[in-house]
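Structure in structure tokens, see below.
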């Protein structure tokens, strides 16, 4: 690692991007949407540069994904560049991702040129301005993040105003690139804290980030939604994305629904993990996702090796099988979930969008708990909203905290959770929540279920029958 | 390979089988049927004994199938034991299966003891009497075959009367074993010549073999049906098995529907082959098969290596996923196919069963073409029946030859094939048949389709849309 | 052993001794008949001796066309060397199919098959008529040279 | 540094510096509170210096309980050796989570973590109350021996 020259001026990077002659991520997504295929993409990042080259090469060879990824390590995500650089030097295997800023844009170009498909940067940085410059200089124009979704799940104490401002800069840069003829695909991390995230909370955050991004000049948005595990609910959430886009985003912006294969606690047994991987892929197909981010059978254990990663991709690709035309979702149930989630998103975002300064309104709403996420990593969300799974496995809102949900919505969730009127028993709740978090391992019989909760027990439904 | 001692007396083998303390194949099938799981089994056989040990070990380890197989080589199948023995000695890799008779029952026991699950012998021998003795002495009590289904697809000039007599001996031996308390699972090879086999032809042969086997004393029958490729038709064929069993077989006989993953020309591209493997497994689930025989992504090329075999098993096992409860077949279409296939089987088997000497009646019917199979390897079937795929991909009967199908049945098939009244144009037919045989490679776009046929072209349907 | 162009062109077709795969055999027979050949189809499971007997019965046969897909070509054709050497099979032998066991193919098998007396290994049955025509033209050329 | 049994039992809880995984932290805090502990929860992304500052602010803390699941435990706890050596962190340190990068774990990492000053590595958070009770009992035994 020698000293890195500053990234070249934008116009030069634009020329470089053109000279690559590659499809852009936006092109791939557009083609997927047009043909009804789901584009498939892994997460992948290791600390060493040569190891990263090998990883990308293996995945491209063995699994032919539609897009590839550079997943960034945690130090770089948090802006601890010196630490990342030191480890990249001394002990790259101890990094849980590729330290792009440390390796620099010339190595970024090398990685980009290594593979025929577009590459995306996936990270989790509240302030990604420098990383974005390095990415663009590397010729990479697909970039995940957002001022809310890359703050609250990813850091403890970065004020939302700061992360929103930093991401507004990135998004304006996307506008400049658009003016120069380069469309940046900006994926919004609707996955948030990944565990029991109510679909309306995920989508509301993405709508707000999308509105801000579009205003700043972004022209291609991928709205990621984390598979929760309930078929109709997940399909509805994906189908909500284009509806919400028409409702809240300007017409000139392309919007792609993206599914993240289950992002919570994964089963440990290989076969069970693979069942879940396939299920996620089928959900992406049924929900009309343009893209799917895959998991691997090693998810429960640690960062996967290349072979496991390739196998996860290959399994997920089966969802594009022309032989599965007979797959169908219960359309009635999906329509009902869709109507509910659209109404809830409206209840959450419309008060914020009604204010003049949207970014400021977002900051104030989170401070006041009128926007909120469960299990926040950050102090800047209250995490007063408490999710639970209903007896069918769908993620519902047990306690809305201060979310401005209508009484009707709140009542519906409580009814779906078979709740009485009294306050929840906190000890029981803890056990129940743990069971809900461990939903899939339990469904596969991997753990003994947590002691029977004292509150209303689940009745029929997937879990009960497993 | 030393000189093999004669197999021990039956009672001694029975003691040995008991001493193994293993579940029998019949137990595994019963458990699968009871729990609604599909038991999964590979085909596997290599020439060398150590190589065979390694193969079984690898498959058991890497894929944990519910049953394992010893697939026998072609020389042994045809009774060319000396040739098989010579190759087992000199060049075992040149054998396309495990020469069990040459290796002998003591090595058979070794293989059987190597794995925890029951082992089946799959071969294709018109006369399997010696092999059956070796199998039983090896403690193996799951044995594929039948006097029709292991003759016509597997040899050129063995009279049906001879193969029926040889298999009657095997089946009587099963009766003796039943009397000693050992249930032999006898799988009937309804797959026949595997290519474009009309479901009613497959099922009719199995009904007749089943009737003969039950009379001889067999107590557990697996009725194998080869996936044809059309969902409703395949599901209906599997669902027909228990109905036919109730109709034509004595009540004391257990009958299990078994699906053979697509047995015809496989796609060559790995992903396409894997799409087909998964599809087959899902058909088994939807059709209520007790067992599934898997294929591998190397099917188009040759006998698979152990790793590919294990991957095929693992992919097929996904069909047992508890997350796929939402899968459904068009029940109306399946019910219609079921009614049709039951009627056709009745038209084919009832005249034969009406005669006093069933085996003799079978011989006479094949000689006269009143029973028939397409693409026979044997001179003892006429192969006047000509199958074709209809525009939806279902396998229909273009020309019934001398099959005693009702005029109504014949008319329906012709209508499904969109045929006029004139005789078929033979050159066009050849091209069309070739296209039907290459259905899946073509569906996946692997070959350029054969030149447009001159007869009625397919209209809507799977193929057209691929 | 001169031939009239008008005489029916005969070929002998079959599948190797241990091989019961019938479908390609059915289709190839049909296609060759469509090209005007008289096909003596011995079908599946045909040992070399049976091919030789057919050659004796059909001395005008232009070629023996053998399919083998079960991987046993080498073993099943062991007797071919003798049959060719003794003239029991006098006409050229064309072989096609899946010629060895396993999913990765060792091209050494082809030279061993040529050593046994196979004259041409083809991949695609569609090449058969062209090859037969080419050989006939070359035969005619030889004969006319002999005649001149 | 004697303690009254009636006094609230304090523990310091947090996740390592580069690690934003919050769920286990939320659940462990809740469970320990359920067991009667006063939990000073520093949350995610907590550098060693912040644990040390909490120790200074809460001298009665029985333990520092650290989670790390993103694989960066070794790097994130580099400063622990100094903090323990200087007494900046005086109470025992319990560590749990997913302690190294990758899907196959090298147990050498555990000894390196013990070298850094970790006192106990646990798998299951449910073992925490038992361990804390055991340590308290052993501390009491030491004190009573000192008092006698």
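Here the chain labels run A, B, C and D in written order, and each chain numbers its own residues starting at 1.
Basically, a residue touches a chain if its C-beta (ideal position, glycine included) is under 8 Å from a C-beta of that chain, and two chains touch if they have at least 3 such contacts.
Just so it is clear, the model here is predicted, and its values are computed rather than measured.
Visitor: Tell me, which chains sit next to both chain A and chain D?
Guide: none
Visitor: List the centre-to-centre spacing of chain A and chain B in whole Å, with centres computed as mean CA coordinates.
Guide: 46
Visitor: Please work out the Cα centroid separation of chain B and chain D, and write it as a whole number of Å.
Guide: Here chain B and chain D have centroids separated by 62 Å.
Visitor: Just the number, please: Cα centre separation of chain C and chain D in whole Å.
Guide: For chain C versus chain D, the centre distance works out to 80 Å.
Visitor: Using mean CA coordinates as chain centres, what's the chain B-chain C distance in Å?
Guide: Here the centre of chain C sits 31 Å away from the centre of chain B.
Visitor: Drawing the touching chains as a network, do you get a line, a ring, a star, a complete graph or other?
Guide: line
Visitor: Name the touching chain pairs, please: which are they?
Guide: Applying the touch rule to all chain pairs gives A-B, A-D, B-C.
Visitor: Can you check the complex and tell me which residues of chain B touch chain A?
Guide: 64, 231, 270-271, 274-276, 278-279, 282, 314-315, 317-318, 321-330, 443-444, 462, 465-466
Visitor: Which part of chain C faces chain B closely enough to touch in the complex?
Guide: By the definition above, chain C touches chain B via 18-23, 26-27, 30-31, 34, 43-46, 70-72, 74-75, 98, 100-105.
Visitor: Hey, which residues of chain A end up touching chain D in the complex?
Guide: Contacts found on chain A: 74-75, 77-78, 80, 83, 87, 93-96, 124, 153-157, 193, 195, 298, 301-305, 308, 375-379, 383, 426-427, 430, 433-434, 437.
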